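Across the two complexes that follow, chain A remains constant while its partner is chain B and subsequently chain C.
This part shows the complex of A and B:
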């Protein structure tokens, strides 16, 4: 063995899983509306719960959901976390907030970014609104909504989060 | 209810692992980089390739490295008619158990052959080294029939 060369101690052994992801019927309808700048959910015919993004069925009742419901750009923070650790290939610089937000008119939350906020002031029940990209950049993607930002409205009590109508606190 | 177009998107999930070789496989790979193949001598005198860290019978730590030949014999093989993306060759080839000269156990590697008929158990093969060796099992590009 040559003494000049360094001894091998590691090998690169990456694993790549290549998927072709098909959205499915309900998410495809949802994404077609997102491309038009409209946030939609689907309502369960049995329990009336509105799901966003819709999966095409109600997990609680086990029935198909078909009725499409237009949701508000306003939403409520259900939970959140402040991210301090940079994620490889993520252009967003920490610290930043990702939050579970419930749009008005829906009963479940989805994860999105928050911005234009003081991280330390974000709290559960805070009112926020979607900030969309310019219309020319809209595609079949959730990041048509760039982020959510705080709005000047009263907090939603914890037991009311996820129960507001599409008209928000007025409804 | 109108049904929108079916939406498809390619999606790749990658786990960029780097694995520690340990001292014995590290030595094996270092030797490969130098275009040399080493095995290790077990307590019963058998030469094991690739080398293993612990004796298969006594579990004692092993350390006696032994150079083995760059030719050997096919002990068994499986012909791959339609190579897939992750395979080491893009033309039909064989996965084979190859007992290198001086070794007592076979090692798995790929064998280049013009057709399935050209390859057989007991056939002699020799190493084809990669143009550039980096300390990885693919430093042996393949084996070819002698």
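This part shows the complex of A and C:
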């Protein structure tokens, strides 16, 4: 052979998988409410813990949840990370804060973006509130809430995080 | 009561960023052949094969166990695939052990692997979930807030994770199979490496590796006749818990504590720091060493970091309970194999076959793996003496 050819050891072969997703009974109720701008959870009939987003059962007790509870726009930072790398296929620019937030009235956290904050000032126990997208952009999706931002309220003591009622620090 | 079983052969590949010279089939076969050679056995001596790897989405090969039967010499033999996310290498070893302990088979081959160069694990772990926010920033993004909460609770100095990152890489430099070879690493180098998921720095996180690990597990009769010293299985335990439930302690998960208590009871261990000679524990991010020191009962809650800072877990500092002498997950991370490497390295220690990272006179060792949202646990204790 006159020319040396490079040995092919790797080929990239992107594949696409399209599918229809059925949310299930509890998430479907949750999503119907969030489409209307209302954040809801479901209460465990046994231990009274409120789950958000609800999956239809309490992971601790192993029983179905039914009772729907309207939650507050206010929440507490349970923990967080400042991320310095991009998320694949997400336009968000690093560094950004992903926080585990517990809405008032719920007993579990979910992850959400924090914004309108100084990253270095975010801390465990900080009070935050949901900032919603404009109403016309609401869909059946958790990101109807665009992000959480800090609010001027006293920190929640660590042993109280995840235990506030829907009325927040008012009790 | 389970029958006795022992590890009679161990085979690994060299862990590295890219193994372009082999396919997935070639990779697993290499580890399996190394294990057969170590045990002085042939394919005909194997009754069944138990295979594990992380989720199929990593390499995009669905049900690879079907395609790998030829490479693993198990056409016409029973094969089983195990799925437990990051802990899968450990769970796979336990499933293999149970097939011998139950009397079902006399001698099984167990293999686990990952070929991360043919995959994008960060992508596979960051897939948008329907109707959810798309904010999953890989495994580090998930574990960083849990580490932050540990730092708050324990009031540990900021450089505990840095120390673990150095210690495990110095251990890895003793192990020619380890992916990262950093014999000159310093605390300063780790501290100055860039932040990925605050508080996790680049050098406090595991690498992405290609690699496979294999073991041959035999019953008592065959282990007694083994060509090399067997590692006797003294205890086996698996536990899991839901990812999400109200009041869950994500820093010190109950499933991990329960799993450890079970495996220690079987092995007659009452004080793990004293009774065990060494441990291979799944530490993919440096701060998980102090966290698991507490979860596994080597230190009281809130004090795991003290063992790390005193050098108790370091071979180089002459610690009394060296952790991850092989370099651990921080030095080699072929995800699906990482748990099995812990189990195999524990076995190498009690066989006295761990080369430059051998703990002198090791008689009893712990192998540990965890996975998912720190919700799957697999552990075994192996010993140099038949129980």
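Going forward, the second predicted complex is superposed on the first by the 156 of 171 C-alpha atoms of A that agree within 3 Å, B and C clash if a C-alpha of one lies under 4 Å from a C-alpha of the other, contacts with A are read in each partner's own complex, and residues count from 1 in each chain.
One rule holds for everything that comes next: a contact is a pair of C-beta atoms (placed from the backbone, for glycine too) under 8 Å apart; a residue touches a chain by one contact, two chains touch by 3 or more.
As the structure is a prediction and not an experimental result, all values here were calculated from the model.
Of the two partner chains placed by superposition, only chain C is touched by A:89; chain B is not. Using the contact criterion defined above for the overlaid structures, shared-chain residue A:154 touches neither chain B nor chain C, since it reaches no partner.
When both complexes are overlaid on chain A, the residue A:134 reaches neither chain B nor chain C.
When the shared chain is aligned, chain B comes close enough to touch A:16, but chain C does not. Shared-chain residue A:162: touches chain C; no touch with chain B.
Annotation for chain A, partner touching more residues between chain B and chain C: C.
Residue contacts after overlaying the shared chain place A:5 against chain B, while chain C stays out of touching range.
Of the two partner chains placed around the shared chain by superposition, chain B and chain C are both touched by A:31. The contact surfaces that chain B and chain C form on chain A in the two complexes overlap at residues 9-10, 15, 21, 23, 27, 31, 140.
Within the complex formed with chain C, the residues of chain A that make contact are 9-10, 15, 21, 23, 27, 31, 44, 47, 49-51, 53, 55, 58-60, 78-85, 87-90, 95, 98-100, 107-108, 111-113, 124, 140-143, 145, 158, 162. Of all residues in chain B, those touching chain A in their complex are 1, 3-21, 26-27, 29-31, 33-34, 135-136.
Note for the complex: chain C touches chain A at residues 20-21, 60, 117-118, 120, 122-123, 126, 128, 130-138, 140-141, 144-146, 148-149, 152, 194-200, 242-248.
Taken together, the chain A residues at the contact with chain B in this complex read 1-2, 5, 7-23, 25, 27-29, 31-32, 66, 140.
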